[in-house]
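Next come two complexes built around chain A: one with chain B, the other with chain C.
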Partner chain A sequence: MNYNFKFKALAPYTSEIIDGVILTLQLSAVTMLLGLAIGLAVAIASISPKSALRRPARIYVEAIRNTPLIVQLFIVFFGLPTLGIKLGANSAALIALSINLGAYSSEILRAGFESIRPSQIEAGRSLGLTAAQTFRHVVLFPAIKSIYPALASQFVLLMLTTSIVSSIGATELFGQAAFIDSRTYRSFEVYALITLSYLFLTLAFRSLFSAIYWLVFVRRSRA
Partner chain B sequence: MFKHLTKIVSAALIAGSFMAGSSQATDLQDILSEGKVRIGVPVDVAPFGSNDANNNPVGLDVDMATNIAEALGVELELQQITGANRIPYLLTGKLDIVISVMGATPQRALQIAFSSPYSGISGGVFGPKDIPVSSADDLTDQTIAVARGTTQDLLLSKLAPDANIQRYDDDATAAAAFTSGQAELFATADIVAKVMMTQDPSLELYPKFIMMFNPTHIGVRHDSPQLLQWLNTYVFVGMLDGSLAALTEKWLGSELPDLPSL
Partner chain C sequence: MIREFSLNDLVFMLEALRWTVGLAIIATIGGGALGIIVAVLRVVAFKPANWLAIGYINLVQGTPLLGQLFVFFFGLPLFGIQVDAWVAASLSLSIYASAFFGEIWRGSLQSVSQRQWEAGAALGLNYWQRLTHVVLPQALRISIAPTVGFLVQLVKNTSLAALIGFIELTRASQIITAATFAPLPVYTTAAALYFIICFSLSQFSQRLERRFHVTR
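Our next item is the complex of A and B:
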């Protein structure tokens, strides 16, 4: 073993690493919200009885889930400027990631909706709830509760996936690591450090999602 | 839980560095006795190293690699690499030699050893005629695409620290950023700009300013002193008999200037 670890060489780049962590967090958080919103809309459309809604939703889900994220990213960043739509690296990353997450989360949500038996919806309606009330209390809430772990995993996976967007020049954590690597040539140290950073972020997100689950589902059902 | 985690992580790191270490230390004798030399050449920098229509590696650095393997009398194992991963490839023992349009810097020389220069390129910033930039000081809010970690990146970052520099994984992606309009200028080698303009005459990649002339060097690990000495002898002889000048003439279409030995 003749490799000398020199973590000190990374010290001048502390602010770059912090910037990278912040951008990764921002990208992840905004993408989670946008992706969930897209996913919810698409999931509702794909269980709709109207094929005008169902068909485009299915096409979107299949197109996104069956193509690589990096291709979608390159189309948004390098392809759209040809059509006159020019987005910065970070906005392009946000849009591509949200579109991607939207397709995956819509499939998870659809599975949740389909787990609700039709008799329960009929029961809700016959108790005098409106269609919207039935959807909210009888379908949406129990559906999200049952698919919550899968959705949380998808979100954590998304946070890890943001590392791909450095390839279009976004300066999130992995982009900053590659930058520091190109300046210090201490590849092993840099990537060991950001491995730990990603691990820490993953554990933080997992704790956050567990806390949300407890607040929204456990505590509420106890009360 | 966390105690176990630190144990697992440090075990993984130790195992990783051991694997990286075990394949190192291939000096001249090891190459000769194994009958095989592993050389890295660029995949994305025509005319130094790229793929031809049949997907075979071609270029000045590829020819260099072929000639060196032939002079060593061993089999050549060619590996195509990019500007960002060429030094890690060498340091982690995946390659014996890197011939990849590499300029020497004191910082890089802390990590790897450089041979005497065998050819050279000019690095600069290129773009359309109507952008009023003729030196690094003229740069304001123009976006400049560059491959991360290249000499152009290091130099431009130093000359214009406040410039709007977009860094990409390799020259091809940086070029895509320029051709798609994501960047207004492209910091690269003169020969890359020339090749791109030949391939697509609608592109405007005229030199805005030249940052430096970069002699290109062969890189080896510090633990292969015999190999380095052999390569220096090879370059010295090639300079004297004109074979290196002929190689530069063939691929770059320009004369090889007098280059000092290292």
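Our next item is the complex of A and C:
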């Protein structure tokens, strides 16, 4: 092989890479919050005794989980403007990612709720806790503790998945890679470097999530 | 020239769907073969092999599939290997699948109780006999449902090959959208086609899970 690797050619683009990392982190963080909120609402609907709530929740979850994110993204970014809803690339990305994460997180949350046996709730109520207190201390907190690892790996997966939104021109890390590639023609170097940068983000996210687990669940139960 | 989204376009999409399915099948076979190696390296009683497998799994699962696709697409030619989008997509999806299959199958192997090994030894079976007659049949049953479940992810992820120009369902939809300027019907149709395949696989996986759960 007689190719000269020139990683130095990327040096002038450090600030673009940093901008990309920041946007990837922002996009991931906001999507986690929105996706978790959607997921919580959908999970509550999907365990409701009313089938008028359960059915739409099931349809939403199955529709999202059985179609590719990139097609969902194209529907939001290219499809909605034909109905008169125009969105910028970054906001379309945020909306599509949140809708997508909502379906996955609702399934995880539902599994968590279903892991709490009804007798636990009855025990809570018979100890004199109000319905809201029972939900918070007996259902929500233990449920979240048991699904925390699944939720954390879903979040890491989400962070990696944000790379797909570069396909509609969002300017997060992978979008910046395409930009730098178009300026330097150093495709391999750019994509190898950017792909490895995601590995560092993954490791950072995993450490952060285990730190949170320790702070919220381990330390608290010892106290 | 803008034209309507017509039946011909739907036929074009169905033809492209064959490549989506073909790519998923290739990745299942390639990823399955590699995945067996990963699972074995991960469980053998030889530490460096375990580390190698763990490193590989973390590298694949810790980076975006899109990045892996681009690295192979642009990287292999540098080593004198001329690749088209088709080869790059097959290779990176196989590697991606192998990391997940490796983990699924390692989990299945390890979920067979240690006592089964001991019971086999007590009956005078050697290591190979215990593996093939006692442990593998049980591990296989446990692994089938999650393996089929992962195929859903694989089918959906073939859509990323569109971004390196491989003409499968998603790329075909982009091409038709460019000609008809009707993104909503085109992409909704694409979503429906993906849904048919993925939903059937999901349902099949759930059925398998229920079936094997009862008899376990």
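As a convention for this text, the second predicted complex is superposed on the first by the 223 of 223 C-alpha atoms of A that agree within 3 Å, B and C clash if a C-alpha of one lies under 4 Å from a C-alpha of the other, contacts with A are read in each partner's own complex, and residues count from 1 in each chain.
Note that in this section a contact is a pair of C-beta atoms (placed from the backbone, for glycine too) under 8 Å apart; a residue touches a chain by one contact, two chains touch by 3 or more.
Note that the structure is predicted; figures quoted are calculated from it, not measured.
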**Message:** A:169 in the overlay: touching chain B, chain C, both, or neither? Say first, second, both or neither.
**Reply:** first
**Prompt:** Once the shared chain is lined up, is A:3 touching chain B (first), chain C (second), both, or neither of them?
**Reply:** both
**Message:** Let me test your reading of the model: by the given contact rule, A:161 touches which partner, first (chain B), second (chain C), both or neither?
**Reply:** second
**Request:** Once the structures are superposed on A, label A:185 by its partner contacts, choosing first (chain B), second (chain C), both or neither.
**Result:** first
**Request:** Please indicate which partner A:196 is in contact with in the superposed arrangement: first for chain B, second for chain C, both, or neither.
**Result:** both
**Asked** In the superposed arrangement, which partner chain does A:214 touch: chain B (first), chain C (second), both, or neither?
**Response** neither
**Request:** Please indicate which partner A:86 is in contact with in the superposed arrangement: first for chain B, second for chain C, both, or neither.
**Result:** first
**chain A residues touched - chain C or chain B, whichever exceeds** = C
**Asked** Can A:71 be said to touch chain B (first), chain C (second), both, or neither?
**Response** second
**Fill in**
Dual-contact residues of chain A (chain B, chain C) 1, 3, 74, 78-79, 82, 166-167, 187-188, 192, 195-196, 199
**chain A contact footprint on chain C (complex, rising order)** = 58-59, 61-68, 70-71, 74-75, 78-80, 152, 156-157, 159-160, 162-163, 170, 173-174, 177, 182-184, 187-188, 190-191, 194-195, 198-199, 202
**Request:** Flag every residue of chain A that touches chain B in the complex, lowest number first.
**Result:** 1-3, 5, 74, 77-79, 81-82, 86, 89, 166-169, 175, 178-179, 181-183, 185, 187-188, 192, 195-196, 199
**Asked** Taking the complex as given, what residues does chain B use to touch chain A?
**Response** 5, 9, 13-14, 16-18, 20-21, 24-25, 84, 87-88, 91-92, 107-108, 110-111, 145, 148-149, 153-154, 166-169, 173, 176-177, 180-182, 223
**Prompt:** Contact residues on chain A for chain C in the complex?
**Reply:** 1, 3, 62-63, 65-72, 74-75, 78-80, 82-83, 156, 160-161, 163-164, 166-167, 174, 177, 187-188, 191-192, 194-196, 198-199, 202-203
